[in-house]
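See the structures that follow.
The two complexes that follow have chain A in common; it is paired with chain B in the first and with chain C in the second.
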Partner chain A sequence: MLKRKRSLNTDSLAALSASVLAAIVGLLLALVILLICDAKNAWPGFLTLITGGIREGGIKAIGDILYQAMPIMMCGAGLAFAFKANVFNIGGGGQFLMGSFVAIYTAIKWEFLPGVLRWIVPLIVAALSGALWALIPGLLKAYRNVNVIISTIMMNYLARYLVNSLIKASIYNVTTGQSKSIPAAAKMPTLGLDKLFPGSSANIGIFITIAVCIIIHIILNKTTFGYELKACGLNAAACKYAGIREKRTIVVSIMISGALVALGGALLYLSGSGRNIRVYDTQPTEGFTGISIAILANNSPLGVILSSLFISFLTIGGQYIQSYGFVKEIVNIVTSSVIYLSAFTLLLRVFFDSAARKRQAKLSHTESEKGVTT
Partner chain B sequence: MDEQFAVEMQDIVKTFPGIVACDDISLQIRKGEIHALLGENGAGKSTLMSVLFGMYQPESGTIKVHGKPVHITGPRDATALGIGMVHQHFKLVECFSVVRNIILGSESMKNGILDLKTARKRIMELSDRYGLAVDPDAIVSDITVGMQQRVEILKTLYRESDILIFDEPTAVLTPQEIEELITIIKGLAAEGKSIVFISHKLDEISKVADRVTILRRGKKVATLNVAETTKEEMSELMVGRKVSFTVDKGEQQLGETVLDVKNLVMRSRTSQKNIVDDISFSVRRGEIVCIAGIDGNGQSETIYGLTGIMPIQSGTITLNGKDITKADVRTRNLSGISHIPEDRHKYGLILDYSLKENLILKNYFKPSVQRYAFINWDKAETYSEELIEKYDIRTTLGAKTSARSMSGGNQQKAIIAREIEENSDLLIAVQPTRGLDVGAIEFVHKQLVAQRDAGKAVLMMSLELDEVMDVSDRVLVMFEGKIVADIDPKKTTIQQMGLYMAGVKKEEQHA
Partner chain C sequence: MDVFYYVANMCLCFFIPLLVVAIAGLFSEKSGVLNMCLEGIMIMGAFAGAMFMHYMEPYLSGQLLLICTMLVSMLVGVLFTQLHAFAAIKLKADQSISAMALNSFAAAFVIFVARSVTGSQHVAFTNTFRIEKVPVLGDIPVLGKVLFQSAYITTYIGFAIIAVTIFVFAKTRFGMRLSACGENPQAADSLGINVYRTRNIALMISGALGGLGGLIYIVPTVTSFGGDVYGYGFLAMSVLMLGQWKPVRLLFAALLFSLIKTIASGYMSIPFLSGLGLSDNFYKSLPYIITLVILAVSSNKAIGPKACGQPYDKGRR
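The block that comes next holds the complex of A and B.
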């Protein structure tokens, strides 16, 4: 028993060190970009980046980091869940938008709800909407074998234009060109985090998100459903053989994934920080950042907590670099290259690892199946 | 009196976490000889050869090739030294033609353009010279397993290898293809190539090899001249005890019918042909029924149809009087089917799961390891340890060994353990002993007979005629999707069976 625990730890340690290495590579690239743009200010700018702006922003920056981490953490957890089942859900953007819209709509329109239900119900309804939205590509995959990557990307566009017209038809604020703001009554409680981190928008959502990550971790590692889900991700044919209903597993996994991503959108807008949905053509970035976060965490829900905090930390740090004369666009390039490069480095590593492992396995276990030739 | 060897491996030590896979092994391969490597599952044969081919770096030991000390850091070094390896799991690009597969990685260019013509010519020369019939322009996914293996051999010859390693080359071949391969290998040796031949089949070794080196648990036991030894001696050296080659079976106690199949028809996805063409049969308690035939006559599909992995066209399947024709796989399993699948990597195991996780693949949802939808991993571990003990599954890290790192034979034992422990009324065992050593084969046969004696029904499928004749109580021969004979192996000779299998002879009542 003791031995088992130890080996588990060394496994996750190896994964963690890979992620840390990937992050360092990403940071080095950021430094290079800063040096190219403005060599003189590059170093102080870099220091700000890697201290998360806490030097400049102090306690507020910490609150901002928590607030920024919340939606992307939820997205990362949702996407990691689907990735474990080998369902490549790229539809985070669309699911996030659906969740955001439904949350704002119910927060504004369902005034009849009493007390805390004013924000709890919108969260739940938003999650349901994300699940339903993801149900479509799930069914297409399970029963028509439509590639999930393609169908979810298409669903992203559908969601964007659907949400745009729904906002215009119901909760449009003509002067700002955005959705209306949620009423104060539907705002999520801050649980004193506004006092702890004055000036930031941190609220109960971060706790909800961390709790969800832990629950997802338990589902994946301790339950029969998690066992089935990972098995389907690793070897669908063996699942069929074992009588695991892989179609159902695929559909359920992408629905849960969609629900969590949508919940991420709902948390962001129910924070009541003054942000509203803009009616325009691009996808919300959280869906894609969520992919990087999941990859950086090696699809581990607990790892998602760390990787999303790391990325939020960089984003906030990046905002403070502007004081060194770097324009906003440069700052965006820097932070996004760290995010994507770290994810990319890790992806490469995973890729090389599995290629090497397959090669080795083929050599050391030669007797194997016949009839795999088709 | 210094004989020059093609390969000399001296005191090779290679360890993996938890095990010394090669423990101070020395091996000498003479020029132009066929040297067999024999040993139990997990004895370290594949590992030793992977060291020679540069896939693994040994902790200590030296390697000499043609008398010169060498340092092999990867397959590229090995290739440069004239060492070629034919892996049993072929490494071909399915959508490429045979020629393109062979030249892949050592393409010759003419004015910067791939010179296929010259390559093709050379390949055809090699193919003629060694009797390796291949169709150079066929796409790999369209050719038979036997031809794919010949392509792999040509690949090594094209790179001018003169030391060839065959890792269990015959495990995937049909008896006919095995004969062809043996002729080819002998031809290669006659041309002066030195050959290492890994196999569990003692008959083959007696037929093909000059010398044999026997490994046991990572150690070298002996190197013998094949002409001066016997099957019994080899197996005793390898397992450390006497192995019985005959199957002891008690009197048959036939009970009621467990499986009843009526007018089963199955169609291939691509053509309108019936792969399984209106067959009916039944299996009763207390008997081992074997489906025999030349590979590709609908045997595998029949099994997939019975277990629910492939859809059937028409017919009915009844298990213990219950119609399961339309039932899903899980329902069939729970109604009493255990299934040792033909393809252990595709269906039998989740390679990236640990042994423990694989051993509960069929019962993770049952109360023995599950409660309130949670898996009790401690119970799963205890259960796995029992099975590891009972079925002698050799692992490096116990229940938590990853299935991928286990030797092929031990992977098979794990599947057998899992399926037999299900204690189902019907045990379907497809090629149950493929890749197993003689000791393990004896063990598996005993288990099958024990199931029969315990009043279970056993449906086996095997391409090994000896196994078919020894183990089963009744043999159903399939030819072109039909059952052409239902025979008692005690009253039939192997020759007669061969005629049925080739479709020359048919039994009237089944036609």
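The block that comes next holds the complex of A and C.
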């Protein structure tokens, strides 16, 4: 028992060190790209990138990092949950959009709600809408064997066009070409974070998100449902044999995943930072960023907290890097390289394992030699 | 009749790239490597082509430029797929993760380079490639007007590619060996086929066709490339599934999808459809809804190459 626990710990340690290594190599790649683009400004630009803009933005940048991390952390947690069950939910974009729309709609239209319910109810309804939206690819996978990646991508495009027409029909602001802004009463409380980080939009959402990550961690690791879900992810056929309803597990996992991602969208737009949904044909980036975050965290909900803060840190750094004449998309290059590199974690883990085994063998060897001499 | 020619022409513009990219996926998946990064390969190919055309326009024009550009796009596609090959074949990494990383890398890289080099996200080029009328063949009634008037050589290249593909998989030793690597790599290996090398070659072909597909998607339809192919790579994967990994069926699957796509983007010019008064967003959603329905009906029967998506490990027999 003790031995098993130890090996688990080294496992997560190896995963963490692999992710950190991937991040470092990704950042070095960014430095190389900056040097190629403009050697003179490369070093100060790189420093800005890796300090998350805190040098330039000061205390406001920290608040911005927290605010920026909130939606993508929620998306990452949701997607990691589905990935654990081996359901490759790429539909983050669509689920995020559905959640965003439903949250804004209920925040504007449901004026009869009293007090804090003005923002709590929209959050809940948004999560439900995300779950329903994810139900379709879930059912298609479980009962019709449709590839989840393809179906969720199709659902992304559908969500985009559906939300576009829904906004135009209900909460469209003709002058800005966006959805209307939410009323002040439906804004989430800031819990004094606006005083702590003046100028930023940090609010209660970051605490909600971290709490959700912890709850997901507990569900995955301490409950029967979490065990069944992980087992199905590892071997669905064996699960069926063992009496776990693997179809139900697939559907429920993607629904929870969709609910969380949609909640991320709701949190972003209920922050009331002046952002509204634009009516155009592009997907929200948070869904795809969430994938990166989940993979970087090796699908661990607690790891998601760290990796989303890391990505948010880089994103804010990327905004300040523009003052040196660099293009902010460099951040996306870094994150995608990091994900590409972290696909090799398996290789790296094998390397770490064999190194550890060699060390142990050497140790026992010298011990036995000692035994002979004495 | 004019409407018919309009629809047929537009349909061809969607059909050829969809077919070429689906064949790109076919080569890779038949050999056992899941190629989920077709979207990224298309973006890279289209971008390389657009950049090449943008800068070579003063020196070259017409068919010569188009052929040179196609070679550039194919080369870039091959190089880009090598990243996937390195991760998926050599390092035995998770193929979906590597592919998703490459997709987002391509999208970011293209915008980054375009903004850094040209100052704008859009890379403009001039379309000097249209052939008004092919002599003799253009005079054939109906067919001549569809295929040989205001046409692009890419159309003929697309048909040539599908013909070669059908031949390769049905008649050649290479095609058989490639399929063997995707069905049962252990057995293939025991017969002396180098699984790693075969998969690598398959991925290179896939990359070349994917890059080419990206280019021939943008050439007839737009005059500036904005860094996105709008999920076309994933549509091609759906075509592959609907075509059940069989080259001849791919042809019909691609035709079906391109017809739907044509209706979605050209409904304004089709009197019958524009009279229905349905919203723009409905028509835009149509290809995706129908894809889902088709997949729901056909996926239970669709069984791809058995070893597709599993990294081959020589030590595991």
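Convention: the second predicted complex is superposed on the first by the 318 of 374 C-alpha atoms of A that agree within 3 Å, B and C clash if a C-alpha of one lies under 4 Å from a C-alpha of the other, contacts with A are read in each partner's own complex, and residues count from 1 in each chain.
What we mean here is this: contacts are C-beta pairs under 8 Å (C-beta built on N, C-alpha and C of every residue); 3 or more make two chains touch, one makes a residue touch a chain.
Keep in mind the model is a prediction, meaning the values are calculated, not measured.
In the superposition on chain A, contact of A:Met154 is made with chain C only, not with chain B.
Of the two partner chains, chain B is the only one that A:Thr224 touches; chain C does not reach it.
When the two structures are aligned on the shared chain, A:Leu47 is found in touch with neither chain B nor chain C. Using the contact criterion defined above for the overlaid structures, shared-chain residue A:Ile24 touches neither chain B nor chain C, since it reaches no partner. Once the two complexes are overlaid on the shared chain, A:Ile215 sits clear of chain B and of chain C alike.
Shared-chain residue A:Arg245: touches chain B; no touch with chain C.
Contacts of A:Asn145 after superposition: chain C is touched, whereas chain B is not reached. Once the two complexes are overlaid on the shared chain, A:Ala237 sits against chain B while remaining clear of chain C. Those residues of chain A lying in contact with chain C across their complex are 33, 37, 88, 90, 136, 140, 144-147, 149-151, 153-158, 161-162, 164-165, 281-282, 288, 291-292, 295, 326-327, 329-330, 332-333, 335-337, 339-340, 342-344, 346-347. Across the complex, chain A meets chain B through its residues 1, 4, 7, 222-225, 227, 230-231, 234-235, 237-238, 240-245, 357, 359-374.
Residues of chain C touching chain A in their complex: 36, 83, 87, 91-94, 96-98, 100-102, 104-105, 107-109, 111-112, 115-116, 228, 230-231, 234, 237-238, 241, 279, 281-282, 284-285, 288-289, 291-292, 295-297, 299-300, 302.
Here chain B touches chain A in the complex through residues 46-47, 50, 53, 55-56, 85, 87-91, 94, 140-141, 145, 148, 167-168, 171-172, 198, 300, 307-309, 328-334, 339, 341-353, 357, 361-362, 364-365, 370, 373-375, 377-378, 381, 397, 400, 404-409, 411, 434-435, going by the rule given at the top.
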